[in-house]
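In what follows, chain A forms one complex with chain B and a second complex with chain C.
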Partner chain A sequence: MIGSPVVYFSIAGMLAGVLGMIFARNIIKKILAFGIVETSINLIYVGVSSRSGIIPPIIRDGVSLTAYADPIPQAVIITGIIISFALLCLALVFAVIIQNHYHTMDVNTIETSYEREESC
Partner chain B sequence: MLAITLIPVLGGLICLALKGRRKALLSVVILTVIVTGALLPFILFQESQINIGEWGDIGIRLEMDPLAVPFILSVFIVILATTLNSVKRNYGHLFYSLILILYGTLNAIFLSRDLFNIFVTVELASIISYIMISYEKRARQAWASLKYLMISSLGLSIYLLGIALVYMETGSFALEGLAHVSTVSSVLIFGGLAVKSGLFMFSMWLPDAHSSAPVEVSAILSGLIVKMNVYFAVRFAVFDSFSWITEAYVVIGVGSAILGVIFAISTNDAKKLLAYHTVSQVGFMIVACDMTSAWYAFSHAVFKSLLFLVVGNISARLKTKNYKKWSRKLDRTEYLFLLIGSLAISGFPLTSGAVTKEIIIHGAGFPWLKVLLLFAATGTAISFSKFVFLKPSKHFSRLPLSTLLAYVVLSVTIIIHGLIGFEMYMLESLLSIGAGIVLYFLLKKHIRPLSPYLERFDNALSAYLLLFVISMVFALFRSSVLPY
Partner chain C sequence: MKIVGGVSVIVLFTIVILMMNIDLTIPAPVEQIVDRTNIPNAVTAVYLEARLFDTVFEIIVYSLTAMGVAMLLGSLPLRADEPQQVFQTVTVFSGGLAAISITLFLYVVLNGHVSPGGGFSGGVILATGIVTYALTSDFRKATRHYDILRMRPLENASLIMIFSVSTLVILFPEFHSSLLARGSFGATISGGLIPLLNLFIGIKVYAGAWKMASEFIHRRGTL
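After this line comes the complex of A and B, so read on.
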């Protein structure tokens, strides 16, 4: 199918991150696994944008036109990195608010307390 | 056309500077919303197109066409009513600036026409909604918002993976490139947008997030943010690589409509009932993937925000969300608007709910589809009979002017839309409403809350991933990549 091994590595990274998000019991570990997913997405865009060359897209003499990296997906990655940074900060703020109220970081304890508060 | 995106953002930035002065803050907010609304008649009825920076195929494209008209109108009406309702509560300057920036972003979502711009504006609207859900910094809201954040961002990462594949195959992010891509990337794009849609197994974060949020934020979330997926589904359904999506959405939509109503009938909490109804109504909308879904999205946004604002104000005044404790304590004015909203959502003739719902039921292709949608409509009538048959107290109280204005704006829109689109076959909806009322009185003693098992974090995430894999297998079968 797709030739470049970078794509397969990034899909493997996403799978690892998703499994971490489901099976981790601590909220901070879930947030770290979420960071792994976002980093794998950035990896696939790096792979897409460096077609075969590693030369930055600034015109220089004596280099053929196809050896430059592609600048368009790099714009996608930069926006993606900023968005995932903002989401990570927000998730950590929510974790602090939850810790102050429930005094635990364990997901099962939080969910049982949440459902008990709701039913009364 | 860029003005309806940029003027609210400018107003939001001005609000950040007005820290202590309430009167200046409120007048800036309402002025900005009205100015942007006044520009709408000049923009909505012309098809125009802007290519920012003149970069051709690889640039940012904004375009106006008839599909976006009901969505942009609904954004204006819901945000006007929400800001009028919030006058009487003590929100700070940050809340109003976030609402105005969200208004500009929502306009940008419905105007954007290239894949990457869709990602940026959808993520921006999502981040603002995560902050606004937990605005009052309570732990319940923080947990609901954290669940929403993680599941929704995972979905949008899957969307980014899909558009990476589109870029590898066509070389640009333009929407026309979707016509020749493989089915795998179309499934990834569909799965990424479906997480924000509110369909049953795809977004089980929705009941907690919409019911714990503050009053105005619930109205905006249920009215506007879940409609993004409806808009993109209708827009993408014309491409060849997405041809499996109309059949998938029939099954998913009918499932959401019926299961959402079953959960709504069995709950005791008024705001959770409305949140489960959002699940059911989005299922209803997405069954027909064309322009009728767009007008149903408009009328759903209007009557759902009326219901959320009335129920939110009542539960803030009476300090309880359990609707069984409300009987004999409702004022007659509040009961009147609650009645208008409940009739609209059940599909009573002469309201906008009837116009849009009956068009979808009437236009359903298969006979079994019509029967299942009628079951869902009857279930809606059963659960809203819980509100209609509460006894109001004896006096008419005077609501504050701004809240009354908000309710009146929404109710007038419901009734005018209902009168404009009225046709004789819409009187069939009286049958399903009558059946719903009879079944309500029969089932009243047996109603018991169901277990919130699927709304826990791990289970919601696993449900989303399971359904994503199932839709990938279905799509690959339908486009004959795998042998039968």
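After this line comes the complex of A and C, so read on.
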């Protein structure tokens, strides 16, 4: 078990986001829940790489090298941010396309109209 | 079915929390990284020097997203050109915000290896300023700058330059190390090819973000 409360908060946020993705009926709300999951994952990295008493890894004179935060998780999370940005953009585009076609954002209504179209 | 999914998610997260054992005493590799790259910002040193190959693929993902958004939204009908409703106070402020964001873009991108910042954050700062101006003041005027500044060829040229410079750095690490060693630690003009990479990444990120936002506005209208 670990002591940093940030990690527990971010795991709680991930849980809330995943449950929101499952239970929300509106597509935009599903995408928002997905955004919460991504932000929580970024927060986990922040929580793991930060401890109290350390400073950002911008090297200055007169500060010992052990006082800086670990730069590796911060550099790795840039990949995560870019991927989540790409996924959010494409999800929003598909939401726009679905809205143009079915004129609704409710998942159940879209499913029933899709089944009706299929059976016709 | 949804209940089963929810319960399984809760069980999965409980198992993860019980099994999690992250060691918080990470040995700091700052010293090696700073010795190798001779620039103060260790994060930039990691993602534009040690993990440059990974960053190239991030740029590819970003470009593919911009392309995919433009292509998928291209199949939808354009919205009729309605007059934009604006508040005069917001118009004054958003013009100033755009000017500040241009200055901040140049500062963050060109100082990305000395202070916090870099290409990605700089591009997003500029795009935020311009998109705010487009949404709140004058979308047509904001669209015109894309043609006047020839952003489309500039975006493609910066993408090609990112690939060329990264290939140079990856294939000839000794050459880049000699360039890095020549700059004085902490100066704006130092860091070898890293400021150049930051500038091209900033232009690319800005152009892609503005392209995506303007495609959305073309299809869905302003506020």
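Going forward, the second predicted complex is superposed on the first by the 114 of 120 C-alpha atoms of A that agree within 3 Å, B and C clash if a C-alpha of one lies under 4 Å from a C-alpha of the other, contacts with A are read in each partner's own complex, and residues count from 1 in each chain.
Just so we're on the same page, contacts are C-beta pairs under 8 Å (C-beta built on N, C-alpha and C of every residue); 3 or more make two chains touch, one makes a residue touch a chain.
As the structure is a computational prediction, the values presented were derived from the model and not from experiment.
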Contacts of A:41 with chain B and chain C, given as first, second, both or neither:
first
Request  = Identify the partner contact of A:56: answer first if only chain B is touched, second if only chain C is, both if each is, neither if none is.
outcome  = second
Touched partner set for A:72, first chain B, second chain C, both or neither: both
- Message: One more residue to check, A:18. First (chain B), second (chain C), both or neither?
- Response: both
(request) Name the contact category of A:97: first (chain B only), second (chain C only), both, or neither. (result) both
- request: With the two complexes superposed on chain A, say which partner A:89 touches: chain B (first), chain C (second), both, or neither.
  value: second
Going through chain A, the residues touched by chain B and also by chain C turn out to be 2, 11, 14, 18, 22-23, 48, 72, 75-76, 79, 83, 86, 90, 94, 97, 100
Chain A residues touching chain C in their complex are 1-4, 7-8, 11, 14-15, 18-19, 22-23, 48-49, 51, 56-60, 65-66, 68, 70-72, 74-76, 78-79, 81-83, 85-86, 89-90, 92-94, 96-97, 100
The answer for chain C against chain A in the complex is residues 2, 5-6, 9-10, 13, 16-18, 20-22, 24, 26, 28-31, 33-34, 40-43, 45-47, 51, 54-55, 58, 61-62, 64-65, 68-69, 72-73, 75-77, 114-116, 120, 212, 216, 219-220
Touching chain A in the complex, chain B uses residues 58, 116, 119-120, 123, 127, 130-131, 134, 137-140, 142-143, 145-146, 149-150, 153-154, 157, 160-161, 164, 167-168, 172-173, 269, 449, 452, 456-458, 461-462, 465
Within the complex, chain B is touched by chain A residues 2, 11, 14, 18, 21-23, 27, 30-31, 34, 37-38, 41, 44-45, 48, 72-73, 75-76, 79-80, 83-84, 86-87, 90-91, 94-95, 97-98, 100-102, 107, 110-111, 114-115, 117-119
